[in-house]
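Here chain A shows up in two complexes: once beside chain B, once beside chain C.
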Partner chain A sequence: MDKKIIYMDHSATTPVDSQVLDEMLPYFTKNYGNPSSIYSIGRESKKAIEDARERVAKAVFAQPREIFFTGSGTEADNWAVKGVAYSNKNKGNHIITTTIEHHAVMHACQYLESDGFEVTYLPVDENGLVSPEQVLEAIKPNTILISIMFANNEIGTIQPIGEIGKIARDKGIYFHTDAVQAIGNIPINVSELNVDLLSISAHKFYGPKGIGALYIRKGVKITSFIHGGAQERGRRASTENVAGIVGLGKAIEIATLNIDDYNKKLIELRDRTIFEIMKKIPFVRLNGHQHKRLPGNVNFSFEFIEGESLLLMLDMKGIAASSGSACTSGSLDPSHVLLSIGLPHEIAHGSLRLSFGKDNTHEDIDQLMKELPVIVERLREMSPLYEKVKRGN
Partner chain B sequence: MYSEKVMDHFSNPRNVGEIVNPDGVGEIGNAKCGDIMKMYLKIENNIIVDAKFKTFGCGAAIATSSMSTELIIGKTVDEALSITNKSVAEALDGLPPAKMHCSNLAEEAIRSAIEDYKRKNGLLEDGDGCIACGRRCDDIHHHEDED
Partner chain C sequence: MTKKKVMIGMSGGVDSSVAAAILLEKGYEVIGVTMKIWPEKEEEGKLKEGGCCSLSAVDDARRVSYKLGIPYYVMNFQDIFEEKVIDYFKDEYLKGKTPNPCIACNRYVKFEAMLNKAVSMGIDYVATGHYAIIEYDENYKRYLLKKSVTQAKDQTYALYNLNQEQLSKILMPIGDYTKDRVRERAKELDLGVASKPDSQEICFVEDNNYGKFIEENTTSKIKSGYFVDTKGNVLGKHKGIIHYTVGQRKGLGIALGKPMYVVKLDLDNNNVVLGENDDIFSKTLIASDLNFIMIDKLKEPLNVKAKIRYSAKEADAMIYPMEKGKVKVEFDSPQRAVTPGQSIVFYNGDIVVGGGVIE
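So, the complex of A and B:
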């Protein structure tokens, strides 16, 4: 790659921070011991895992014994939703979630429906918000779990997690939140928020891919799925991904330590981009809530054009971004999130998500704002839909 | 995932635009499905002397539109009608399986524009009618493996 790429897709994944990598590297070569072994290099691996567990616990104000490492955010979501459902089915079979969850939660819920559980998918408003009142109204005597994501990966909308947590606690119902996009962007205190289970994925905050964690509040009844050895106190078997766990621990420490400065910078880039797109490009719609959104998230629909074409043209200019169009989702329909906030299919097809991160600068936005209006205009000139608008019919 | 040819036709599409007073116009697809192709033809003595397109859609949709105009210019109407989705895809050195429906769109847009030409000139024969009408999103296959 000779051309510098302007990476604006941090909600998809992030590069591993060099400090994180430095801490990980010894666990591939020098300190390769199996954490279950009793000799010194095994004990060192064990120690590294427990240090990482402490860092994760500290980041969300939990106890280290409440943190369980998993193979990904997806695994944490599956474990939380299915594990609580199966473990509590003597109490009830009803689950409350939303229509905008990540597929990891949504498809886990759909699977449970095929196995006799009943799921309420709460609709969201035009900004992607669920209200605590909706949650309250959906609760039934047989409700055993509420699973609502902290912040949405596409439109960035941040849910009223504290208020929902309070309702869940008052009613004695377990509350899970997928915080994969929230960690490092929003300060999280699981006690204050009354969260019982919380999913984490390292690669969204400058840690490695393929490592996640599930916070499980002490006392929560939850079935295990990965049966085998006694790792993770017998609840998640398999020889630990030591380097990954170390990376997760270091990454979450950095992410939570610098959260205020990081946020301030991202919000500035975000709000500038939103302002300039609205000013410079006609026929656009901002998707997601104006303020209650992830600090680095910008999501627009550009009428009369299709998202994949837009991404390809941005890529040719060295700008990496993503879209919720059907052509990029690999399915028949555009993103379920964009449809849930009420976008017609044709508008959802023309969506663009930019998600900023720590290396983005105002110069990157300058470059984006130089290219984007030209690309949008070029695609519109090719579009038979735009032709109709210009002719006024 | 796209061939170099597809990327070439996507980034430098040939024959984008409209023809004033075209001899045939066809429009296929709908915005709900995420792609629309509109094809304009200029036909003299049964030969397609010019073709232009406008397309709303993904990279493959734009590239197949562009390629299909290249394939039909200079051809007789009957030769143009013999162009299939497969020949458009082959001319582009192939399309990813999930994008094959875009080449159907190109074939249908050509047929629809020629049908319009025939209709305007009283050349429609029985059995020529309605080549591509009633197409719905459900008819499109985006998935690579649907087993």
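So, the complex of A and C:
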């Protein structure tokens, strides 16, 4: 019995767009040449990579030679944080980041701490926002890098990247932003925003998995980690994932071209869902900022229940959702992001993230709103605490 | 008609894997779950078994679930496991007793926390790969817990705490299978776990070194003290009461010229009392924290077979109701190494009468 799956977890990953797939396919079979080879099918691969590089550059208003392909967004984050740290350790050893970063940045920072670097983790307010003033105050003479995510993967909060970028630039400190969730949702111009390094991951905007990119502003001092060849201008060795790179290029082109229509649709679905959940289900809390949030992101905490059971029951009804980031759902610990915005432990356990995408419809929301209130009520029936509160009312 | 739903606890081992397959064959809608109970331990440079989320159990259970085509989830029971199993385990040893953590886990984690979660999710049953049989009996008008057909593998000893409500919602599909048959079924189904060895040790203690585990995980000071004989004469020094258990002979670390056994752990004086073979036999004991399955309550003396530890042979005994719900057990012949903290389980033939904790 195959149920129709209603997919509401686009922040975890997205399906590959058919146009993207069509462009990729020849590079598996017909145009399989190694881009480093001199003969024609090698050159074709090389050209495909450079075309993709141009598309990526165009999407974020950078120069093609400032775009470097990586194996993933996580690799891009690791490279940016550790690469800048090691390359600039003679200048200083202090890094500023936040308490709500993706683990790719957070764990990279923790690793650096174990290697003698000093890291300031800026707290966020109850909406998940970090203020430019906080950043300014945290800067020390030995600060070499500020790494703050563009938009949060769990609660969707969008940071004031432009203002932070300006501060960093004025102080002469490198500024990295993890834009993995933002690309395709927010127009990004690295020059206007004064961003020095920016991480990208293709599978978050209808491209393939296993390919990412790091924008590195010309002149930024950064150490390389993968040695063994002259690819990516000697900065990231290994034979290129040609099909993946082509897919990333096409996907980012589509994503940035259609960004306004896409956003309009997602915002409509998002705001309707937020409105209906708040109207129909008591004891809920919207996590993240009301407006400064990703167009497709909905994140709620439901008091008296565990997110885990909620997700399982939604899954049984064919609704694919998440309790936080896909990477942390394996561990099922309360999310560091929700704890950072001040949620108590027991409520941080009961959260639900819905992230909409291009194939979601109002019928999907109808279905969600048919199931969700019933499931929440059913799970709450088992909670002695809820019984007490209900009787108290 | 909609299928009845079962949540099966999967360890990645052969028993729970085959149990899941049997439930599918019987027409249930089966949902595989591995309880995440182990504490988070991350060491840089040391690969955690199974990568991202844990021990290899999850990998195996997931593979089996996908093979069977059932949904599979990892559910978090860390907090309750720590409180009800690990903390209890440490506290009992620190009190000079010898706990059985598997019994606590079955009681509070698998068949309370997991069962409640399943029920709250609208799931009808919880199943496990235990070697035991649960049946509703018309004569007794009760759910009964009975020994597995594989006597050598029977796990009823660790399940005596189940109440009627719980028993009505628990399935143990391999209770009427032999271990050999279970392994055969695993092979037939090509589950890839047919030859996995049986688990033996306490799951959260490395290398079965429970003393080291407690020392590393408690704030209490483990003080060394004296070995004394039954008359109080000092025989030597011991390394802390938690390292000993009643009946123990090996590993005492002193030479006494004759076989000596731990008779008692004297917490008040921090002494380990040693005696000769005869000194560790007792004819009676008191049990508390009782649960009865075959009967509602013990109102009059009852003739039973009693088992004083997982690996002990059953012995004929009479049990007598006492005040405060306690029970006095009188054995026909003296039993070796009756150990406070361990459970005693009463049987009537194959049927579990009930059980309690030895005081």
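As a convention for this text, the second predicted complex is superposed on the first by the 380 of 393 C-alpha atoms of A that agree within 3 Å, B and C clash if a C-alpha of one lies under 4 Å from a C-alpha of the other, contacts with A are read in each partner's own complex, and residues count from 1 in each chain.
Rule of thumb we're sticking to: a residue touches a chain if its C-beta (ideal position, glycine included) is under 8 Å from a C-beta of that chain, and two chains touch if they have at least 3 such contacts.
Note that the coordinates shown come from a computational prediction; the quantities given were computed from them, not determined experimentally.
In the superposition on chain A, A:L312 makes contact with both chain B and chain C. Applying the stated contact rule after C-alpha superposition, one finds that A:I41 touches neither chain B nor chain C. Of the two partner chains placed by the overlay, only chain B lies in contact with A:E346; chain C stays clear of it. Of the two partner chains placed by the overlay, only chain C lies in contact with A:S114; chain B stays clear of it. In the superposed model, A:I267 lies in contact with neither chain B nor chain C. Touch criterion not met for A:L21: it reaches neither chain B nor chain C.
Within the superposed three-chain model, A:F304 lies in touch with chain B and out of touch with chain C [touch as defined at top].
Of the two partners chain B and chain C, it is B that touches the larger number of chain A residues. Once chain A of one complex is fitted onto chain A of the other, the partner contacts of A:E387 are limited to chain B, with no touch recorded for chain C. Residues common to the contacts of chain A with chain B and with chain C across the two structures: 308-309, 312-313, 316, 327, 330-332, 381-382. Of all the residues in chain A, the ones that touch chain C in their complex are 111, 114, 308-309, 312-313, 315-316, 327, 330-333, 378-379, 381-382.
Of all residues in chain B, only 7, 10-11, 13, 16, 18, 27, 31-38, 54-62, 98-99, 137-138, 140, 142-144 touch chain A in the complex they form. Residues of chain A touching chain B in their complex: 304-306, 308-309, 312-313, 316, 325-327, 330-332, 334, 344-346, 349, 381-385, 387.
Across the complex, chain C meets chain A through its residues 31, 36, 40, 44, 52-54, 71, 73-76, 116-117, 119-122.
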